[in-house]
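Each chain carries a letter (A, B, C and D) given by its place in the written order, and its residues are counted from 1.
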């Protein structure tokens, strides 16, 4: 590690020093002074790289997997992980997050299991699949966010003659690296093949500002497992209308946004993953932003671009990108531009590591 | 104060003692030993008494007030306080709570003001009035709960040719006794006579599990000022349907209930007042309950009764009753029975004084 | 209630109006418009008045009580309440707080009981009494703060041939008015006559920044029941020394201060009562301060004055004064000036009512 | 991944499948079904292994480094990381934690810097070094725990003619893997060479249950940077004496323990690292324990053993061991046995991942 003037005090390379270093190795010791710069960089320098995946690439491969790869016990899920090129050979989209496209053929069932890892699904297109979370069947439709927080049994089944694909997000890398995960198999089929429009969790919890008297205990993750597009869309629409009326409602000029929250606390839906939805008016450019922690976006609708670490990348429906920690990014909207976002911000905030830098602020 | 055996050690009444007591008085002192039993009873023994007010009595007097009493600056509100007979000469329904029926004639305006006291309105019947809270017009319709938390400007206006009456609840007694209140006059008219179906607060906040990115700071009271009957009714209906399906959803058998909450925290809507809505199936009787703190109910729909300190009182639409601290009460439903409830429970819980006793538990 | 221009819209006094008002009375109703100004003043206007009690008055009366009044079951305590002249006939020092001088003769015992009310003792002079809290004997010595939080059994006994007097503080008025209190008799004698220098609570908890692994559950009130003068004095001494060294350490120039806290949370020692100790350098004058809620001071050492609602009152060792809500006060130190303080600030803060105004800020 | 019956549904290996997999690789995708078992094990299976380092090995190598390796800008610290054999080539003692022995020769200075990483030092023997934290010189003596929470400038200097060694603990692995770290050089020398017995932080904060009025804002990490052996020892001694008296005071039979805490919250001293001290009576054996997250112990005094994943290892003064996540361990005391412990438990608890399993419970 070099200081501002390029100095770095290091020991002279002598036979005695080499002998010392050999002694270290024998006793499972390692000097800090030879590796400090990599261990403790001046600012976060992720091995992960910024990267864009095109939906036009992802979907055909998922479809092809549908032909060639069965879904069932053992493999558990027909899911393609978006593997950050900087994190090979791991299929991690960032050091903390996993993102995948999952594909379920007509009438297929993905068997039930549970794990400590927190998971969500976001549906960029399609419908017809139900995810069954602790026995509660949850419809998955376009624009919906569906949760399966840690240690809840869940499986999926496709009730139609059409395949369906969606996005999974989990904290698998974080869990793997920090050794926190438990896993348990459940039923080989889902426990309930009913296809109700609304899950029991929604019927209990999906009312603004109302809490059931049977649910007064706060929970680590949201007891509401489905966040419907109807509400998300309406909330964003109203923010922009309120902005038109001169009211303070948007996150920034022309930039509406909501965070999905746990109704028992008002905080993030799960302890490791933040989920948000952003809508930009046509022509809006957001200021360049840097944040500690990694974030992933998926375009839900519209056309635009991201400037990711200085490089402009065009984006269309379904396209996804990751911005690793402290990598600058900004969004540009060619049309009205809708994006789903998730990140590891709750980890950073709960552990006191969050920092944010916004150009011009 | 007598102990279990009826003993109480008290000083002998002598001239010397009388002289001592006179000395106390001169110096603004008072002995504890002569008054302990009243100051520190074995369990809460409120000066307030359980009491029932009939809507059939309240409404005509409110209407008559509408004829004889103007509404305007100085008097501020045409509100009739429900005065607990045990707390005369104060118009307090309990030691902490104020409840009143407020009446606004056709086209009338109640001028704007603000105060530290937290307030809500609940509408048992009627429509056509808008309450304007910090400039945001909020429609008041049957079954709605409307908030005006402390220190927000508010006024009301009736946009129709029909009068309207509703219920106000405030923490006036608590604020008066503990000397916490500030008051400020605002506009003599309301600042906005618009009559939108939905307030700006609702347009920003009334989506289940969604939080605007412009509202990430938690607030002491709910930023959502209107809780619509449509949602309350649907939540209660679903709880009873879920119970029919064998799911854990209700507060007790045949007893559905919701608490109105601050969406930024999941906690009570205001720091001193809890608001809830209860629905009993026909034939349901709730177990006898005693709680620290006082509570008020108003029948919204249906017929039934309350057994209040052992005495059964029939109840119909609009009827109200108060149960002071530790007074036992239970509800009985002759028909489906809907009740709005408010209480001072947040005070008791935040200060560590809450205790609950339920018969058979 | 009159507005800024002295206007107040009130109804005309007619026979019909009188009939209406009679109807109100019959049905336990009361109009808001006739009493608003008193119920909701422009700023807190307490019935309580600022008042000073002189130790030179208090102590002789306590001693005289020692001669004439026994201590034992029923009367429970030989305590003289400081009765705010504005709150007669109640012996309340403020709307929320009770303060008393308690006196225990040589070898006397005050029997055990427990109650919901939170209590503390502060010792301005003397020693030789142990208060036994849930069976744990706690030595009471000059300068110590001793807690008996709600619902813990406690009694006192004097182990010497000298009488001893000290100050009690409780939330009796708050508890009485809000009907939260339970009371239970305990042993007629204290359960343990041991006279250890340190209570078991201290032996477990009185180490800076250390928490026993057997005490990881947070508690509503402090598990540490004794705060020794040795530490208080040292903390204040060091703050002033640090100020001399140019370090930020004091509350204001020449003004050191500590708050007694619950070590499991870092917050107030009990949910309704805040306790602090203040030390002013000779010559220091504090800025005029107004706060929501009431506060009581006792001079521990030194000479000075309080300017209470504009009136200067000289103060010496043992003298006490109360500042009701929003009454301005400031302190002046003729010598180094040590004062113990307690207040109801936790109530105000937990319920969102706190406001503070400091002259020149 | 195989299910309970050893089944695992995997696709047939065909040319078409290989082509599909090649397509994945080209587009930075990776199938979940081929790697699930490693990503999501049935219970935590850390790459890290349980390991013991002997002080008799560590100290001579540190001393030798003192001869051969300078300390200064660039290398920054003469610290030897305890490198978990399972995590090579990283010098991580566990996936989240860094532990090192640091060595400072007579009159040497380790220059100032700051970083996001949270750090502490624990002194198993020696004295004479001061660590200067944000300009506040903190004496380091045997048995003391010293903190340098994230982003505080710190350097060390040896004020004596004797060298000194101690233990450093940091969250470097966690910070590196999750890309949260910032680093900044400070003064090449420490900013204050004073050698006071007590730091300014101690003079402000090291009083049981007292909080300076100048420090009422809660802080993420402890404002108290030094936890002295005198208090730790006394707390542990008293717990065992209380146990002798039949009082509930110890963590388990014959097992005293304290947690070091942030006095502003009562919680862990830093958001990622928990620090504790344990004392076992001679002959005590603790029940076998498994926990999510990793933990490190250092023997401070006495002789005993750890049974680590079933293998008994003798331990003496200065010896250290690591127990990775879910690895079972128990302690055995041949003499009175004192151990310092640190772990990543705050991470696990704040993110909802903590689980504990104790044999026989």
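Miscellaneous remarks
Keep this in mind: a residue touches a chain if its C-beta (ideal position, glycine included) is under 8 Å from a C-beta of that chain, and two chains touch if they have at least 3 such contacts.
Computed from a predicted model, the values in this text were never measured in an experiment.
Common neighbours of subunit A and subunit D under the contact definition above are absent.
In terms of the stated touch criterion, subunit A and subunit B have no partners in common.
For the pair subunit C and subunit D, the fraction of shared interface numbers is greater than half, so the two copies use mostly the same residues to meet. Centroid to centroid, with C-alpha atoms defining each point, subunit B and subunit C lie 30 Å apart. Inter-chain centre distance (subunit C to subunit D, centres taken as mean C-alpha positions): 43 Å. Centre-to-centre separation of subunit B and subunit D, using mean CA positions: 52 Å.
With touch defined as above, subunit C holds no residue shared between interfaces to two or more other chains. If touching chains are joined by edges, the resulting network of the protein chains shown is one closed cycle, each chain touching exactly two neighbours. Applying the touch definition to all chain combinations yields A-B, A-D, B-C, C-D.
By the touch rule above, subunit D contacts subunit A in their complex via residues 1-4, 7-11, 14, 16-17, 20, 23-24, 27-36, 39-46, 48, 51, 53, 57-58, 61, 64-65, 68-85, 91, 95-96, 100, 115-117, 150, 172, 174-185, 220-221, 271-272, 292-294, 324-326, 344, 346-348, 350-353, 355. Interface of subunit B with subunit A (complex): residues 200, 202-214, 216, 218, 222, 224, 227, 231-232, 234-235, 238-239, 241-242, 247-251, 256-266, 269, 276.
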